[in-house]
């Protein structure tokens, strides 16, 4: 069986040795180890993939790890078995490109998750959900219904034991309550090269400013709009010949690729968050 | 002889025909024509390279062009003979990389300009100027001496008939007076992907924000800091493994290449400015 | 009504003037003009978009254009009305990513074509065609059935008046006969940065060579394998941490984006072919 | 004091633990560890940076490391003290751009090496060497004098205890003898995206083929021309508007940046070679 372990803790001498020693004694073979030290914050990060020749009890392993390593080194850590597919909910509004891209990857096994449902504040994309045979919940959001809508969303998420949420161009601000339930587990795609052009209509702002490169940014959602930890960014050249319509068309390709990369990194448990920044292991 | 003509005017039917008709009658062969219409501003832009079999009087040509084309079509235009090398002044402070790069290109004939002198508010880079045998004027700038320094700069620029100025990481704000003398003729390199991280210490701000891509932007200087028309931008990927020092080192390579491209575009008269944006012909 | 005109002919003085003069007399307003001169081959290329205030007879226009311009200037040319959607056939084998991407763009109106059918030598992707409600023809190809298969393909293409063909990772070599029927009208995506790694298994070859960047190339199909005129290329960085499987996964994203861009350029009639190279207008 | 350790050996369980255990016992603090397993070749690679609170004898350390680790695990390894600057020789011919770039970085302390001399088969760039006050040895190479020239080169390299050689657009094939003396220690820059366009005149070949992207490749020199382990590659977009002259001009910027990055990686001891491929640590 194969285990992925993520650790962060105050930086101190001997951590790598202590962890590899523990895993060796449990019979594990470290097939991947990547570590990083944030020298300013004096924090140590590590990601390991470990193969064990035989199955074992995860609770026992966790108990022993906590006792021998996590407590002495003040670690925050998590361990994940490869076989378990994370459960992902998609939120959309009216734009189709990210949704089509995610569902195509899902159906063709590029994306190794379960997608129990799609939520949208509009009915426009129901036909796409139907094509891919995913349950679609139309939950309209207005000033007056915001609280009710949110309760419906949370109930669906809880009932289906959702692990993380992907906002695939969901054009609503997500509530603090939802963010608190899913800390660093809501992935958004913003259609600009953040921190440039945060907020609404970034392509229009980029066109107005006369930039020569446009971008897209995928980040974890935090309470401050478009200011969460960045997972992935990419850019595309533009010039004076391109209209706003061209920016939007080029942007669609950027958005869907950048969002998909961020989702894949999250699913592979290659992301760690600290001080509103990410460590992205390769 | 070869002439480059730049034109912009209100968009209207028949301009290309009128201009090519005029040039044909003068015996010219259009070897390059690129045009652009800004549909929002309803402005037409055109750049032509024209070869004439025989020499002719530039003033006569200009008079006729003005009478037959510029007036009827309300054109702003300019014509440039290829043989004339523009005269370029360099302003620097303490960073060497852009200066070295520009001077290397100059000495090896990559950059077809005259560089009568370098101005700096510090003496640090005098040794580089000496290596390349360019006069170096150390004009310190402080709150009290700002006006005097500026007078000295302007006198040098005027005495040497400077056509345009390159701020090769000049760490002072250029005065409005200088900008008025050289409208869209002062090229700056800013060490960020504008409009993100305008102002001081952009690499520190980028590091703090946790971006995954850093950039550099070359633009014409206007009165508003770091807000002038963008000529050229480029980017470089970064990750959590990179320190601020790494950002700065990677940035140096970006800065010198982006600045050099902008300077080359300006020298080749491939840039036009309108509404604080550039049209960059290929 | 709006017309796009593509022209190439021996380079000579006065062509732009002659063409714009003709169009002006017909009441047309040139809203876009891009031209290029291949100085080695001494060939002139031009693309114009022209708006006419009233409708007119295309045959009459073509007759007059031929008489007044095409013959005197020895032009090869074509004119296209914007309203007519080109008819595109897709050939696939077993890989889903390019097919999903093209069909998503088609269904969401990003891609303004008609897709009367999909042909495949395998039945694997029939379910994708069904999702998107496109007729799917399974035409197996083996040594013995190659000729019969080809006849079936040609009949379908002819019956449905197909304008151009997209090989969306079709794993068969297309016959000379088909190429002759569709000269510079069959668009292929090759999963390498051509001319590196032409032929089979390019990702394996790239991995073996230890390259630091992989690529994808979309080109028109000619009789020589992977040697036709290149329309579009793009690349993605890789490193020693990436396995062949990673190369293939990264490559999928490259392939679908590069193929889609090439198809869009073809549909917008922004491609011209000469001497086994392309002129790609912006 | 700070030590960088590079190791590769057959992959086996417990290596990381064994090495970190050894270093911990010696009082070292691992401040950086990166490892890689080539699963096909079953080889383990590791790079560590270790800080020790006190100085110690390097020979003693090496003896103990060899006895306790290198022998039992069949390691090939090396250890480097940070203070020692590697000694680098530059070979050039007639192109100035890479030479200017390397020397600018050297003089401004971007590049932390010693450059005892420059060798060239032409006298053209002597003036650049003089600007930067580096000894310049003009050693002409012809069919008849090849052996003598090589002896002169080797004597200079040996006399000055050169650690590695940079071919900064040196237009001669380096002899097997030199390669044997400097295995994986001669860095070349080739002006194409290898393996495309190996050999002479790659920009002409790229232009002829009509590629949409050009590249540059830095690699260690091996006996087979342009086929050594690739250290670094980068690319730049081109189009039909660019002439061969434009390709060459754009290429100059690519070449100097790619070569400089490769040299910096080598100097930082972040490169390891195995099976004609490189592991490049970040």
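Just a few scattered comments:
Each chain gets a letter, A, B, C and D, in the order it is written, and its residues are counted from 1.
One rule holds for everything that comes next: a residue touches a chain if its C-beta (ideal position, glycine included) is under 8 Å from a C-beta of that chain, and two chains touch if they have at least 3 such contacts.
Note that the structure is a prediction, hence the values are computed from the model and not measured.
Between the contact lists of chain B and chain D, the overlap consists of A, C. Note on interfaces A-B and A-D: more C-beta pairs are in contact across A-B.
Taking each chain's centre as the mean of its CA atoms, D is the chain most distant from chain C. Per-chain CA centroids place chain A at a distance of 38 Å from chain D.
In this assembly, the C-alpha centroid of chain A lies 42 Å from the C-alpha centroid of chain B. Those residues of chain B in touch with two or more other chains are numbered 239, 241, 282.
Because contacts link each chain to all the remaining chains, their graph is best described as complete. On the side of chain B, the complex with chain D involves touching residues 96-97, 100-101, 104, 108, 110, 131-132, 239, 241, 249, 252-253, 257, 260, 282. Those residues of chain A that touch chain D in the complex are listed here as 13-14, 16-17, 20-21, 24, 29-35, 37, 237, 282. Looking at the complex, you find that chain A touches chain B at residues 36, 38-39, 193-197, 209-213, 215, 229-235, 239-241, 243, 276-280.
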